[in-house]
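Both complexes shown next keep chain A, but they swap its partner, so chain B is in the first and chain C is in the second.
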Partner chain A sequence: MPDIIRKHADAVIIGSGWTGMIMAKELTEAGLKVVVLERGPARDTYPDGAYPKTMDELAFIQRSKLFQDMSKDTVTIRHGLNDVAVPYRQIGAFKPPTGLGGAGLHWSGQHWRVLPEELQLRSHYEQRYGKKFIPADMTIADWGVTYDELEPHYTFAEQVFGTSGHAYRVNNQIVGNGDGNVFEANRSAPFPLPAMKNTYSAMIYWKACQENGLHPFSQPSANASLPYTNPYGCQMGPCTFCGFCSGYACFNYSKASPNVNILPALRLSPNFELRTDSTVTKINLDGTGKRATGVTYIDAQGQTNTQPADLVIAGTFAYNNAHLLLVSGIGTPYDPQTGQGVVGKNLVYQTMSTIQAFFEPGKFSNPFIGAGGNSVTVDDYNGDNFDHGPLGFVGGGPVWCNQAGTKPIGGIPVPAGTPGWGSAWKKAVADSYVNTVSFDIEGSNMAYRQCYLSLDPTYKNWLGQPLLRFTFDWQDNDIKMSRYITGKMTDVAKSMNPKSTKVLVKNFGDHFDTRPYQTTHLAGGTIMGTNPRQSVVNKYLQSWDVSNLFLLGASVFAQGLGYNPTGTVAALAYWSAKAIREQYLKNPGALVQA
Partner chain B sequence: MFQTLSFVPAAAIGSELLAPIKAAAQDVASYRPAFFNDADWRFLIAFVDRLIPHDDVGPGAVEAGVPVFIDLQMATNYGHGGLWYMQAPFVQAAPELGYQLNLTPRQLYAAGIPAADQAIRAAHGKSFTDLDVATKDQILADMEAGKFDIGDTPPAKTLFGFLLQNTHEGYFADPAYGGNINMAAWDMIGFPGARGDYLEWVDQYGKPYPYKPTSIEAEG
Partner chain C sequence: MRAFATLAALIAIFAIHAAAAQTDPNPSLITQGAYIAAAGDCTACHTAPGGALYAGGLGIASPIGTIYAANITPDKSTGIGNWSYDDFARLMRTGVTKSGYTVYPAMPFTSYSRVSDQDLHALYAYIMLGVPAVNNQVKRPDIPWPLSIRWPMTVWRWMFAPAPGPFQPEPGQDAQTARGAYLVQTLGHCGSCHTPREITLQEDALNDVNHPSFLAGGGHIDGWMPVDLRGDDTTGLGRWSVTDIATFLKTGATDKTAAFGGMADVVHDSTQYLTNADLTDIALYLKSLPASSNAKYAYDNTETTALNSGDSSKPGAAIYLANCDVCHSASGEGYAKAFPALAGNPVVAGQDPTSLINIVLDGARRPQTTTAPSSLVMPTLAWKLNDQQIADVLTFIRSSWGNNAPSVSPNQVARLRKHYKPIPNTALSP
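Right, the complex of A and B next:
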């Protein structure tokens, strides 16, 4: 059959997660005809999140009901430049999304604003600690955008998401009883909903943090604390703490998702068209190589389609933006030997550690009660909220007691030294499940010359395209950071007077382990920045090479954050949309001169 | 279970738990496996019985229906390896880079269980099912540590890992999948299953949750 040439669109958007849906809403409002292409299936609260079938740990987590179909596509991973990469064959360390809503359908709901200095990380560290403080192989950079520029977009995203939280400072005035996050940057508006209730575990943690001189607060959560209608007229119901958030679609309409918070409004627009089961294989360029003409995609019948468009927006999951550029021949691939080139540069992750406090039976921390974004957190060791000078590392992370709903297959914490099976194991799980308080350090991961994305020379996806290859391993700076904060927080665990504690933290020399789940917060590969020699997109997320191509999502993060990425991913999408609506559409072309 | 322990005299607990245990054990005994042959089925039952033995704390894997769960899983997309990227080449790599064998769960069990039993017969002169408990447990510990050689298709450590993971799944998954009979494993730890609404319980600090677990297939 001949290839199908589709009717011209003003804009084609690749991916239907948060960024794609935000941009689709903004561009249809601006009067553009928008086509969204989603590689996965259509999904919605019904049937994908319908009660009670959604409360099925085996189907959703161990059998990865909502995650990417790994039989069709995956990545390869190697630790070092001289190693041979092998496929990430089974879902382990991270859970790649697919389908309508992307990871936004099955995320937790932790909704953060960036700490302002993170956006100028290199300049900030050089200024405060000196240029020599940053290791030679650390390729951290400034993002090219400031917190003040993004602030209105963080505010609007919180209103769209129906975020619950406790503001600390609004319009430079401390609000409430000052019980928000003292480290939070100034805000132009409070959260649209009050903070959620705190679980027993979180309150035990709160008290212990206070006893150790830290500053606990109720974390911002995109799980609604009350009924809510967002600026688009989309409605949310109050969260019932069912504990089935990350990996699941919410049955209560309580967890913000593109499906619940944007799509119902977007579907009313005659300018909007959504095509699911449509896998984009290439961004097409004209003869000059400087202008995108649209995209090529494979539809559900296996037919090749061409979608012409004036504007191409790639909002794929994190690392997949780099894959699209590499297979489309856009931009110069990054070379770790020379440091030249930019596409694939600065692949980053997060450095997780966990502390578990075990109590005698009768504590009843009841960890099945929970919500993905529900947490008591301290930011005392995040960003540059503490003096790094004598410590000799870059980075930090929030530390939270995020009782998100512990399910039994995924791993009930058991005290150190417990065997993995037999009667002793059974006794330990029976004693521990409702009598444990667990908290995590979500440490940042800096960018390094030797951690990057490229095309794999051997393995192919279901369409015959090369898989994306990760070259990634832990570096001493981040292990040092993680071990320092974990050590400090172990004292907090001891203040709880538990029967015993267990600390899960990386050792120097540990390799990236792709087997146990850690976090899905991968970032980088098409980073934003101030000049085309060191970044793929400018401060408006516009390609330096192809001015009618914009890249959205965590792929543009210059390096890793301690915080979860979604809040910043959403704010950047609104920021980019504003630039397109107010500047680009009036005068198409480069918004920043190289 | 904690809730039960708090309010029921210790003597009553044993008899209360034993009735469902006997019924469940018969379920496994009368079940005709679709995937496992007779010898492998007996090995599987004997093996998971040591991974989670019956005792006073709560159900063992056999009475929880774990072997039935595993047999049913072999007919699913998971059993056929359909959830995994299974394109060649398959090469050995650092263990941190994850599973790299060209074996689906069906192939892994079909090859691994006879290989294990054969190696056990060679070492002990008996099938695994006929060994005493202490010897069985030593074999499990050696397999887990990679110290018991059953060949490389799959290695003992890999087979052990699959058996343990699938046993945890069958023990704790919703009973809709054939394991976790009577939700006794959930009862033991205090997991309420698909209750779904704890809004009134979030801030009742330090209190036991009073309701029995419920399944995704519960009626009414």
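Right, the complex of A and C next:
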């Protein structure tokens, strides 16, 4: 029995990251009484991001100030179906958030749209390269939604985020000097702010890319290039390139976050209620199992609360939506042996590689200058922008020179062969620190039959619930993709005439290593799609099984993108909100007939 | 917390108002009265932080002790539920309560004395029918005997309070400026803070007729120095347009400035609710007040050039670069709507640096308004900068980019540091 039964709400939203706050704004505007439950503490620019205390690498990164407390709750990880999973006890490869704003408070600000063909990935590859081109164990799928359907929501999200960038094509007209991304899909509006300035490293990279026949452009960034007031009246300040974005709360109101760009306006709504330190343990169902009645959560005092609601929205961090469904008994858990079931299916990630070019002293690339969303990028090897036919792999990735602020503890790049300590290391650090140009290939990661989420049979969280278990490892297709692009880009690095280059790339047979940071862009587990046999939610992000339950976030991605997920996560949240406002509220029930 | 409580209270007003409207024969009078209450900023004193709307209890420091604002809800035992309109009007016009004593002049009855009958009737209707009655017994003043004797207040009133009479526009004043004068001088009681007071606590002037000290900047209030609202080019509103003033009062900021301290509360509780027409009239009136001095401001880029070329040799410049430059910029011009300019800012140019020192020590928070919901914060720097550093950086700011204000001494900082009170995390309340 719960200790407290709360007053009924029209909608309860689980999680206060981008998706939860977007949906809360939309639903309060529609007149609904909305309760948002956030498992972590309240956070805001002041005091959490107050200058200069937010610029503290030890507190924020090494001591995980904005990240989840892994001693209370985490996931377990194993590489294969026959392995025993163990808990991810120290944050390394990815950084699960907690607290008001979620990962939206500590993200970097790289704000992408999707490449249209990635939303129809399976049909696109089958059509262009034939069915046999896709490996048998690759479970990639179409999302069920098109770029044209999402386009207005990408545009609005950019206006809310105050995104800086150069558009390439607006309403089918090439704009500016054509110096945007030639591979970018058509847009209905330019970016609300001009592109950020480029760092010197990025300028060197731009030139080298151009000389190698590639198409560099200033990447869209949700770090404001100028002061900006968004459609909600929320105010941003201009980015100062302080270099403290990813992992930090921005002190200058420059990096878009739910806290800066939505909450100030949302707080004015009498329909909005936020409860922090409230951990949802279960989505409650009625006797039929087809309708959610609300959620159960544990508050800061450890009391069990029931929050009844007509509409339940889960906007938890990436994989946690799958955990919620599994512990709530909603949907059929995925079985990798049979391929049947859907909850937990298609756990995906990304495939990073990095190339560092070391120059003689005097280059002055000044890596202490930086901004998380600031990059010069090429998309020539992303998506299906290049012919995969002779290459024999699926996927790709953007390649960027993203000077985000090199910090001392995280490590200063040194040339290959440098000892890990001692005077030789010191000299290499001194020589390299301001004389390195580094760029990354953020490769995609396809979905595979053997990579999935399930409940761990052994380990439990602080509330006694089974931990979520990852079964995940690198697959040859993605390694092949990563090595191909990395090889191409190593040639670009060499054309800069550096003293030496260092390439950090995965090799065939490498296993997923949870220690070094890669990206936090996990996705899948409750994927969207065109039918309930192969997906958890329909094209409107509505559960096939429980029609008053909607799942938001990267958990609905059918497979991994090369791009960072936030832009698409936000566009999908607005798209889902529109469907709820314009269709569901008028006629509650399934929006797509199975 | 305060900001949110007030917001909740205002929402409550409209909810209650809707209920009252069913019984009251003239709901528009109540709506009008709610507007008058906002224009008069009754909340500033009569709603305690986190307390019920107009239930009183806020402690107001005075030179002779703490006064607690009255409960002005229609509660019959602890509020003014038994007051007739005449009782109410007598208090508002003369400062004399229903029971016959004279209130302390923290209650700006000297300004309210000229509020129109029509507005006062509306205000009374709103308080009686639109505000929920709250039983809240307010503490008696913490004023020691013999200062606590009330009859000298009557004498004070005889000596200093104006004879109640209707507001009179000045000859030749156009309708808009006259409306602005009415709002500023009566309901807005702007002079309570922005006009200097005599040692006997009366304001130097209650209107601008032959009174160059009217709104020429007041004395310290809660650690803040109310600025000059006259036409002075450096310390006043000389370079503000009518739109700037109206925008400031509506949103809490302009491209160049932001409200802080007591004025942030005024914008939050009062002026943001005024119509654009009234705000424009207020601005027109303020712009009609002549300057008290001929000093002119002209931007000077000497420091900008120096800072941008890495020259921080001027005393305080290095501290500025390390602590202030990120938001306020090397040009001292800040960033429009986000971070205030320091170059040519009247707050920076004032003779008395109290507000500046307190902003650096305590930090400052812009008000949250419905038109500008982001309550941007300048963080406290008291933990980081010592008295000498704060004095140096403020002296730098006050003597750069064309600013020409007296230097700041470490002793001035030390005195204010004793009252250090960092800004609260109010935005965190859900």
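Everything that follows uses one rule, which is that the second predicted complex is superposed on the first by the 592 of 594 C-alpha atoms of A that agree within 3 Å, B and C clash if a C-alpha of one lies under 4 Å from a C-alpha of the other, contacts with A are read in each partner's own complex, and residues count from 1 in each chain.
Here, a contact is a pair of C-beta atoms (placed from the backbone, for glycine too) under 8 Å apart; a residue touches a chain by one contact, two chains touch by 3 or more.
The model shown is predicted, which means the values in this text are computed figures rather than measured ones.
Of the two partner chains placed by the overlay, neither chain B nor chain C lies in contact with A:Lys33.
Once the two complexes are laid over each other on the shared chain, residue contacts for A:Glu273 go to chain C alone; chain B is not touched. Of the two partner chains, neither chain B nor chain C is touched by A:Lys95.
After overlaying the two complexes on the shared chain, residue contacts for A:Lys25 are found with neither chain B nor chain C. Judged by the touch definition given at the top, the superposed model places A:Thr240 against both chain B and chain C. Within the superposed three-chain arrangement, the count of touched residues of chain A is higher for B, of the candidates chain B and chain C. Contact with chain B, but none with chain C, is seen for A:Glu57 once the two complexes are overlaid on the shared chain. By the touch criterion defined above, A:Thr229 reaches chain C but does not reach chain B. Once the two complexes are laid over each other on the shared chain, residue contacts for A:Ser423 go to chain B alone; chain C is not touched. The contact surfaces that chain B and chain C form on chain A in the two complexes overlap at residues 51-53, 238, 240, 242, 251. Across the complex, chain A is touched by residues 4, 7, 11, 323, 326-327, 335-339, 363, 365, 368, 370-377, 379-380, 384, 423, 425, 427-428, 430 of chain C.
In the complex of the two chains, the chain B residues touching chain A come out as 1-2, 50-53, 55, 57-58, 76-78, 82-87, 89, 91, 93-94, 96-100, 137, 140, 144, 164, 167-169, 172-174, 176-177, 185-186, 188-199, 201-203, 205-209, 214, 216, 218. Residues 51-53, 55-58, 62-64, 69-71, 73-74, 77-79, 84, 86-92, 197-200, 203, 238-244, 251, 361-364, 366, 368-369, 407-409, 412, 420-423, 425-427, 429-430, 433-434, 458-460, 511-515 of chain A are the ones that touch chain B when the two sit in their complex. Listed in rising order, the residues of chain A touching chain C in the complex are 42-47, 50-53, 226-227, 229, 232-238, 240, 242, 251-253, 260, 264-265, 267-268, 270, 273-276.
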